[in-house]
Amino acid sequence: MKRVAVILAILGRSALRGLQSAAVTAAIATATIAIALFLVGAFGLVVVNMEGLLDRFGRDLQITAYLEEGYDANALRGLAGRVATVEGVYSVEVIDKDAALERFRAMSGGAALLGGLDGNPLPASLEITLDDAHRTNEGLEILTSALDGLPGIDEIAHGQDWIEGYARAVALVRVSGYALGTVLSLATLLIVANTIRLGVYSRKDELGILALVGASRTFVRTPFLIEGTLQGAIGGLLALLLLLGAFQVAVPQLQYGLTFFLGSTEPRFFEAGEIVRLLLGGAGLGLGGSAAALIGWRS
Amino acid sequence: MKRVAVILAILGRSALRGLQSAAVTAAIATATIAIALFLVGAFGLVVVNMEGLLDRFGRDLQITAYLEEGYDANALRGLAGRVATVEGVYSVEVIDKDAALERFRAMSGGAALLGGLDGNPLPASLEITLDDAHRTNEGLEILTSALDGLPGIDEIAHGQDWIEGYARAVALVRVSGYALGTVLSLATLLIVANTIRLGVYSRKDELGILALVGASRTFVRTPFLIEGTLQGAIGGLLALLLLLGAFQVAVPQLQYGLTFFLGSTEPRFFEAGEIVRLLLGGAGLGLGGSAAALIGWRS
Amino acid sequence: MRGAWESRDDCPVRMYRVSKSYIAGSAALRDVSLEIRKGEFVFLTGQSGAGKTTLLDLLFAAERPSEGQILMLGRNIARLRGSAIPALRRRVGVVFQDFKLLQGRSVEENVRITLDVVGTPRREARSRVFNMLRQVGLQHRRYHSPESLSGGEQQRVAIARALVGEPEILLADEPTGNLDPDLSIEIIELMLNAATRGTTVIVATHDHALLERYHRRTLRLEAGQLAEDEARASADL
Amino acid sequence: MRGAWESRDDCPVRMYRVSKSYIAGSAALRDVSLEIRKGEFVFLTGQSGAGKTTLLDLLFAAERPSEGQILMLGRNIARLRGSAIPALRRRVGVVFQDFKLLQGRSVEENVRITLDVVGTPRREARSRVFNMLRQVGLQHRRYHSPESLSGGEQQRVAIARALVGEPEILLADEPTGNLDPDLSIEIIELMLNAATRGTTVIVATHDHALLERYHRRTLRLEAGQLAEDEARASADL
């Protein structure tokens, strides 16, 4: 056991000395990892904020269920309560006949149309919003069939086919997000592995000499793996600092555009969990990269 | 002159031999460049197609100018002709009172509302689409003030504030596109420079030996610059092939989602000019990267 | 730790009909057979390209023989699994013809590597390294890097690295090629001492002055063949 | 091409009170003054670490002197601009103690580099390289890489690289350290021939056998100081 501890200490020191003796190479590799992770992080920030944005847009979109004539206020409230229990429904608002007339009057040209009318031809309605997950054609179908079973509902309207438009936008962000994200992650993996491999390559003499003096595979490789992991973790940290800096600089710069389309909500930075994941990702990339770089290295 | 030719030939051959003798390093560097450019390219493709998509969306969006009563068909056509000359107007369609009534009848609940009416209370209108550049709040203002000056126009409507929504979407794509694109390009530049620098670093013995046998700076550096340029160009070519392959594979895979939100239009690949720019970009990156890598190299 | 039959064998180095060709058709080593006893000190000589380095490379498994059997410390090297090679090498000290020092590491670290790979505690390692460096006259350079040493100084670092672990076998390839005659003698004396303590020593050299001065068993290679084995000749007496 | 005053100077190598310290306080070279005539063949000797390599390094501007003046081919090296160094080096052939061959390039390419840097057309270069390799006995290995050569073979490639350009000055650092006595003599003869054709040759060596065999002017360094200059002594006669 003592010997294991001694060897571990030797390997750890060896890794540090390796970073020191190949300082320039290590610095370049770390910088590259930082850049690659910065890229992933910047992309992640944009996607995270875009999804938040779409979510808020989505919450403003409503479905209107027009009701048959002859419902009194109590019956209306009872119906609204039952609709609220339907899967995917986020909120229900009751618009009675008077409120509907009021609204119509406020619409352009509405007053002119109502001029010659007696009574109130407009129906009462329920304005329904869906929760995040159901803001799709499927969610709409579930709602429609649920409402079909309820008495008193005459017609369901979801103005201007917004569901389709919204689903398009969500799909657009999701698909391009996933596609770019996958490509970006794969590319980062490869770039980091390549960078570390180049670093290992520039020290191939060292690997060879270690093997010649009787170092085992573990002894030769472990310091490189430790170095890779350290490089990755430091790269991740640098990426995080870069992202934070860029975020601080960019947000006020883009303030006009951002308030314009994010409304009052501030764009958000990563949360603690996401930060930890970024750092662990960096360390993992470094470890994986150096492991990959050492694959097929004959000792 | 002959000697210059001889030396150029020697340098060219030397570059090729360098690539050969450091084949693994060169291959790794080229692969890294390819990946980085693939990333830029993939991002570029998504942006290019998203802009096309937004453009098509935008063309479907219309502004309606309601007209005063008492216009006959001729006067209407004259007015439409004048509107068509307004800055930013892409097309104008005339909807007379009959057509407007027809449309209203087709709307949900419209027939019920019209039940008790005599005559046609609906106004004639012009449906105006804007060209790409004017599909903004500013474009709308220009149009509005131009229409204000025209006789016979009662009210201008642009349903559901689409201009704002559209401008938001365009800004979203543009801003995140520019931001990510800038970051991506900078990162690529740094990654390529770093990669080539690591390659140069792993051959520092060679640089040293060349200097010791009396090679001039030019003689030592030119082959590395040529190598870098070749690596960049080949990396660019590989990136292009990868992109083409990914495009061919991804498009049918995503067909459902794509037809859904791109409509009938096929997603497009890069045009010749864009391809040339990608390849030149690769070569330029390689050249710049190797030049940067050699900066501060003492000979 | 070692099997009883191994330690009972008094010839830690045995080669039987060994040949080695790097390039098909031309053999660097041809049909070489020899035995070297524990604690023996042997010179290996021959012209440039005769196969001295090749023979040493075979002995510590840097190369595999094309034909024949090699027993090192009782193990058949021709059949050794790759993962068993480091364990063999930790029992063999090697002075390489081109030194093979780690650039960017200090002289001390270069020498200490031999002790690091067997897990010697740091304190003990440092004092052993210091003593070893003193024996080759480089204790005052221990914190410098090999690049800043003269050719002969680098060679002595390589020798210190090979000897510091008190190996059972020492293979030294031209260990005095960059040393002046006085230093050469000092270094050879160091190796002779190691032999007295039980290390089997093989020294490849071109230096006729050394061969004549020490009159030890000398293996002479000629174009890959063992042309002369003086000790064997004397064993015939 | 060269200034008339340069070619008129019959001492292409002159050092005047040159000192060199790598580390403050300890001098690798101390107050060395010497002159070497065109076509002269000089041995440089001294113990390991005496400063032989340092002296040669100063002569081809791999290092700058801490004090003193050095004239090489009429140019003051201490004052040479960095960009003028390659031009000097193209007129000086150097055999490095550690060879400094380009790994991954063939023997032929390694030797041809000397001709490439001065822009010799390929055909002429190849035939000159071939002839040179034949003189060091390696024409049959010209397409191999240095790694696959024995120590002595690599050393001869380094010698061929230094000589193929017919330099005005040849600096050889321990050029026979890895060669057997017969080959050593062949190589020294090669260098003597070059001297006869007008090349100024300085050979650093530990090999007393060579010094005794050739009885040429011998500079002996001791701890960085010029302890003996036989030719100077004979000039006193």
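Order of writing sets the labels: A, B, C and D. Residues in every chain begin at 1.
Note that in this section contacts are C-beta pairs under 8 Å (C-beta built on N, C-alpha and C of every residue); 3 or more make two chains touch, one makes a residue touch a chain.
Model, not experiment: these values are computed from the prediction.
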Quiz item: Where the centre means the average of the CA atoms, what chain is farthest from chain A?
Solution: D
Exercise. Please report how many Å separate the Cα centroid of chain C from that of chain D, as a whole number.
Key: 31
Self-check item: Distance from the mean Cα position of chain D to that of chain B, given in whole angstrom
Solution: 62
Practice problem: Please work out the Cα centroid separation of chain A and chain D, and write it as a whole number of Å. | Solution: 66
Quiz item: Where does chain D touch two or more other chains at once, residue-wise?
Solution: none
Quiz item: Of all the residues in chain A, which ones touch at least 2 other chains?
Solution: none
Exercise. Please categorise the chain-chain contact pattern as a line, ring, star, complete graph or other.
Key: ring
Self-check item: Pairs of chains in contact (touch as defined earlier), listed by label
Solution: A-B, A-C, B-D, C-D
Quiz prompt | chain B residues within the chain A interface of the complex | solution = 24-25, 28-29, 31-32, 35-36, 38-39, 42-43, 46, 50, 53, 66, 108-109, 112-113, 115-118, 121-123, 155, 157, 159-160, 167-169, 171-172, 175-176, 179-180, 183-184, 187, 190-191, 194-195, 197-199, 201-202, 246, 250, 254, 257, 260-261
Quiz item: How about chain D: which of its residues touch chain C in the complex?
Solution: 22, 45-49, 52-54, 97-98, 148, 150-153, 155-156, 173-174, 177-183, 206, 208-209
Exercise. In the complex, go through chain A and note every residue touching chain C.
Key: 3-4, 6-7, 9-10, 14, 17, 21-22, 205-206, 208-217, 219, 299
Quiz item: Of all residues in chain C, which touch chain A in the complex?
Solution: 60, 62, 82-83, 86-92, 94, 96, 100-105, 109, 113-114, 116-122, 161
